[in-house]
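For reference, the structure discussed in these notes is given below.
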Amino acid sequence: MLELKGLSVAYGSFTAIESIDVLVQKGEIVVLLGSNGAGKSTTFKAISGLEKPRQGEILFEGKSIGGRSPGRIVESGIVQCAEGRKLFPKMSVSENLIMGAYVHRKNKKAIKHSIKHVYELFPILYEKKENAAGSLSGGQQQMLAIGRALMAKPKLMLLDEPSIGLAPLIVEQMFEVIQQINEEGTTILLAEQNANAALGIASKGYVFESGSIVVQGTSEELLSDDSVRKAYIGA
Amino acid sequence: MDILSQQLFNGLTIGSVYSLVALGLTLVYGILHIPNFAHGAMYMLGAYVTLTMMLLWGIHYWLAMAVSVLVVGLLSVLMERLVFHPLRNAPPIHDKIAAIGILLFLEALAQLIWGADYRSMGTPYGEVINLFGLTVTMQRVLINVGAVVVMLLLYLFLKKTMVGSTIIAMAQNREGAHLVGINTNKVAMLTFLISGGLAAIAASLAAPINLVFPGMGHLVILKAFVIIILGGMGSIPGAILGGYILGFSESLGATYLSNDYKDIIAFLLLVIILSFRPKGLFAREGF
Amino acid sequence: GCIENPSDEASGEGTEKETETPSTEGGEKLVNIGFSGPLSGPAAYYGERSFSGLEMAAEEINKNGGFEVDGQTYKINLVSLDDKYLPNEAAANAKRLVQEHQTPIVYTPHSGGVKAMQVFNEQEKFLIGAYTSEPDVTEAGNSLTVRIPPRYDNYIEPFTNYTMERFGKKLAALPTSTQYGKDWSETLLPYWKEQGGEVIYDSSIDFSKETDFFTLVTNALKEDPDVLFIGGPSEPTAKLVKQARELGFEGGFIIMDQAKLDEMKKVTKADSYELFEGSIGVMPLVNADYPGTPQFVENYQEKYENDPGSEAGFHYISLYVFVEAMKAAGTVDDSEAIRAHIQDGLDQLPKEKQVYVIDEVGKDGGFKADRSVAAIEEGEIVPIKVGE
Amino acid sequence: MFLETKALTKQFGGLIAVNDVSFSLEKGKINAIIGPNGAGKSTFFNLVSGSHSPTSGQVIFKDQNITKLPPNKIAELGIARTFQTTNLFEQSTVLDNVIVGHRLRTNSTLLDAVLRTKRFKREESKCKEKAIEVLDFVGLTAVSDQLASNITQEEKKRVAFALALATDPEVVFLDEPAAGINPDETEGLAELMKKMVDRGITVCLIEHKMQMIMKLADKIMVLNYGEKIAEGTPEEIMNNQMVIEAYLGGSASA
Amino acid sequence: MAALVNRRTVISGFILLALVFPFLTKNSYVLHILTLAFIWMIAVYGLNLLAGYTGYLSLAHAGFFAIGAYSLGILTVKVGMNYWLAFLSSLIITCILGLLIGLIALRTKEHFFAIYTLCVGYIIYLVIDKWDGLTGGVRGLIGIPVPAGVGPLSFEEPQSQYYLILFFLLLTVLMVYRIVHSLSGRTFIAIRNSEELAKTLGIATMKNKLMVFVLSTLFAGLAGVLYASFIRFIGPDIGYITITFDLLMYLLVGGIGTLAGPIVGTILIVWVSQSLQFLQDFRMLIFGPLLTLLIIFYPRGIIGAFYEWKIKRQEKKRMRALIKKHKDAEFSDANSVPDKKVKEG
């Protein structure tokens, strides 16, 4: 479904990711692991069109999308739920969700339907639907960010560290929700620090180290890889 | 003639002009965080284009104003593309100085095209009417009504339409807007278009009661900045309220305090308000 | 097309062409005359209008083969620099003009510039062509300053008498808030009171900074004055008149001499002076009947497609006076000698160049001109006799 | 009492972010605060460090009421803190960052700077020495010349520690120091915290990483909806039903 | 440290050039312009200290410039005070007003501070313009004396004034240099970078900000005082916003937050704007776009661009050396070439 071929991205003279290859099949959950600054978010930004690739190709459903505008990429079915949430803090929860369906703005009915679905997934959002997004707690904001991404009815959803800074209880819920979303038919590419939980729901993973992929394999392979265990899962 | 009500009306008129100018400014500030000093030049050009349309092709005032809104709006978009877009990641001081460069350029350009002299704009609404003992001209009524209508339309546009929401969304989080698929370039251009259009409307409405000349944007823009600070940067209701506060404080200040020092009153008011509310009356950004 | 106000020619090509060095034929020499004034910014129009008078005079003189001093034929080359109405820029410009262009005379049309130049003009030996009414500039005792515009105090009496008689004793003053407006106020108001009049409102208006004049006009009219004293650039002054009328004012206007009745009429787009009924001001240059005026006006209109104002007229005539003074002094670069012969220059001025009649230059360097006064009666310009 | 809060309450509009919290730090130990998102942990820090002033209640430090003091005064008394989103002087080098950290222990004025007085020279080198010492302590000597914006996330966390340490504190408040860094690195930070305690500095931290907290902390306070719902040793907390329900969930030690 | 030696010679070279300059030209216009530029530079240094190093963009500096100039004017012309006493008093007056204004203004931040000070500047201008009795209103003040002689030195001649003003400029630069390279300077930069963090590190931010603000107004006032006795006539225009914008333009074009920026920017812009005089009415038609382009392409000013270029060159050199030495060793190291001290300096 999504294929990165020899992708490189640079910020000015600094090359953040270099010649990486990633393959995501339809219906999969794929996880990107790696320490801070390894280049996971940069990869996501490149896929979403927020950064222009310096080299290489991004293929989505067989078509090259490298260099397309972010708007067009969302339209074609890739939505990112970014690090730091990037909500509209002064808009209400429901307004945020509606903005999430921006690319389907013509279809009012479908929007209503999607909102309902998001509220089913995250009942707390329904309770807070009139509150400004900025007033939510960190966990609630994270849910809203995911909910907003879902509003675009993505075929592929990019989740950048959804569990960061969340309470253990919430993290658990979060991963359940991700799995649920996946089961409903959305392919998921996930970047995580919490390798244990992530690999628990993913079918395969890639490990980044300073801009390149150093290890890749199925979840089982990675979980049993000693170096991976040591660096990303802890003793 | 009841001096108080007459001056209240006068204050309302000035306030309407100020508010319209300040709205365009606050919009650009609120959404793109650009303190656009060149907005004064847009105001000036708005008046000149309307005037030229009326003189050159003899077209009707309203039509001329529509042309002006379009022309100045597009110019404003051009300015965004050529100057502010390349500067989007630079600190705000840069925008300020670049805007001053544009201001100098546009003023010189106006002087080249139209000459440095004072011009006067005719209006089909010159007649004097008496409203409840007030002496007003139709044009002045028009300014007030026009301003309110424009403000209302702007409000409805921002709050009730999807395009409006995109603008607000971008004001709150640029990257977030990107993520949901909003073309932020388009929104930036749209914002400048509206802002330029507002300046053109303000100038076309106000020009018939004053004169048209290359430097006409100077003081208006200064006051507009005072207003948006007063109201809270990026706040639409703040800009409207601030505009009227300034308008009234000028007209009433000139009447009951001192004519010579009436500008000081307005600026002092700001200084005092900011001393107590360092972030303006509506202390929130992004509407 | 109509984009251009007729007057634009003054700002457009005219300036560009003229600042090019005039052609000199064998044996002829050039004498540079400097000008530093506002050519950009809010006061640019004023600067351009002032400069246009110089330009016309220089062009005429050069077309007629220049002028002869001590057996040598000279042509005039004008060098103009923009000072944005700022004193320090004017001073820098003057230095530049004197250093790089050896100008014996530097014109400047604002008091700030004059004062800044006076700091060093005696040292650097150049004559200031001061187009300003500020009394300080001649009272300071600078020996190389010539103040070109005449004193305005001889208007005070006829203006007062005329309006007081025709409309009444209550005066409201709302002139422009420049120093010129203040000078006027300070002379007019005491005299008005002396004559038994009453001043019920005394303020001023800054045209370049006011979005709407209505507020101030409303206040000026709040105690029902009989006469309104106004003035400043013609166009906003005309607006003031219009708005005063809109607010129901039916009295007369004293219009200080910076504004010209003919230019004011143009702003209102009316065919007659009806709106200005009861105004008294200076006779518009176009309507004046000094010996050289009609010809000057005609030439000016042809060149600039616009009526000349007094700044143009005075600059025009002053350049002729300076040229005559150079002839009389027998030198084009000794500014002290030129200054010493200004009176001769005035005396020698050919009749047909007398756009105004300037009889003498005072010891202090100020021109004393005679100017006539006009009032609007029944929609027509009527000359008013000025008693000596 | 070393540092304690008495019935500390903070209200934002209608929201009570911190509600009647009384808590005392154990001197020379590692104290932890946990709780769900939005429980008021960071706000509690802000109140103690003077960034916000409480709606009611008191903060007492070594028998002195510091409730109303501005942050800089509180820092002078020996209370340092880090921020949840790592907050550094991004445009300066690591070394310059840390040098400024010791500024509060110096007295030289503009005049000293202009005249280059003895005091100026003395304090200048004192700050530099301090910075070098602290950077060495946190293990960042190698990157001291780099711009703070150019170093890795983990290094930034360490710089934040160094900044806090440069103020010569008696107690440091660390807001989620290990957020966003991997387990390996988390381990390193934990070591560092222990080292700080060994030096006699009291530590108080907020964390969501239970594994680390449970190993590290001597005392834990749990906040929920602004209220203190539990306090005690890791074992006590881990087995506290209320805490499990509100916060830890099933796989507490995941 | 070849660079340092280099820098030192460059600086000495410039000072030497400034010192012998009056002997190189007989053109008093050039000297006049240069002297005036020196005066502006002093004010720009004031602005730089505040806006560049502390991050508070003041738009009131023309106002403080005018306060300095008018204080001197009034004290010498109207009060008849001894020149140097008036000189000192003017600086003190400026500082006191700066202190009072700073106390309130510094409660605001960022744009609010900028516009707040814009208003303060405008109020100062209006007061000067309207208070006829004290300031002479629109007429201005005339007859301000040249600096009184000190011992054998007299300041009647343009040359001697040039040297006097150069002296003050060098003093200013020295002071700013020493401040910037001191704990106080670091403190200011810290406040610019993050005020909140500075506060939690125990820095009394308000006190520090106030100190810079007053110091910065002192420089503006000093420039004003020198201006008044150089031009010897002052009008309200010198307090107008346009002057502030000019100062800001000099600063930004030269490089905000750099030590050499004010000098480079001022010289360049003054020179360009004088050279464009031949365009007369249309000067701004060229100047405006030129300014805008400069800002777009050299956002860190000339000095910033120079540093960037230097760093790039160094990096290239290093890269080349690296590649040559061991073809495939430690590439990652190239990423960590310090690109430090670009912003400050």
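Order of writing sets the chain letters: A, B, C, D and E. Residues in each chain are counted from 1.
Rule of thumb we're sticking to: contacts are C-beta pairs under 8 Å (C-beta built on N, C-alpha and C of every residue); 3 or more make two chains touch, one makes a residue touch a chain.
A quick note: this is a predicted structure, and the numbers were derived from the prediction, not measured.
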In the touch network of chains, how many steps separate chain A from chain B on the shortest route?
1
Required minimum of steps from chain B to chain D, each step between chains that touch
2
Name the chain whose C-alpha centroid is most distant from the C-alpha centroid of chain D.
C
Farthest chain (mean CA position) relative to chain E
A
Roughly how many whole angstrom separate the Cα centroids of chain A and chain E?
49
Calculate how many whole Å lie between the centre of chain D and the centre of chain E, each centre taken as the average of the chain's C-alpha atoms.
39
Whole-Å gap between the CA centroids of chain B and chain C
36
Multi-chain contacts in chain B, i.e. residues touching at least two other chains, fall at 107-108, 111-112, 116, 260, 263
Where chain C touches two or more other chains, by residue
11, 40, 44, 48, 177
Touching two or more other chains in chain D are residues none
Footprint of chain A on chain B - complex, ascending
162, 165-166, 168-169, 172-173, 175-183, 284, 286-287
Complex contacts: residues of chain D adjacent to chain A:
15, 35-39, 84, 152-154, 176, 179-187, 208, 210-211, 246-252, 254
Going by the contact rule at the top, pick out the chain A residues touching chain B in the complex.
48, 50, 69-71, 73-75, 79-82, 85-91, 95, 98-103, 105, 148-149, 151-152
Contacts from chain E onto chain D in the complex sit at residues 175, 178-179, 182-187, 189-190, 193-194, 196-205, 211, 215, 336, 338-341, 343-344
Show which residues of chain C lie in contact with chain B when the two form their complex.
1-5, 7-8, 10-12, 40-42, 44-45, 47-48, 177, 203-204, 208-216, 218-219, 221-222, 233-236, 238-239, 243, 246-248, 267-269
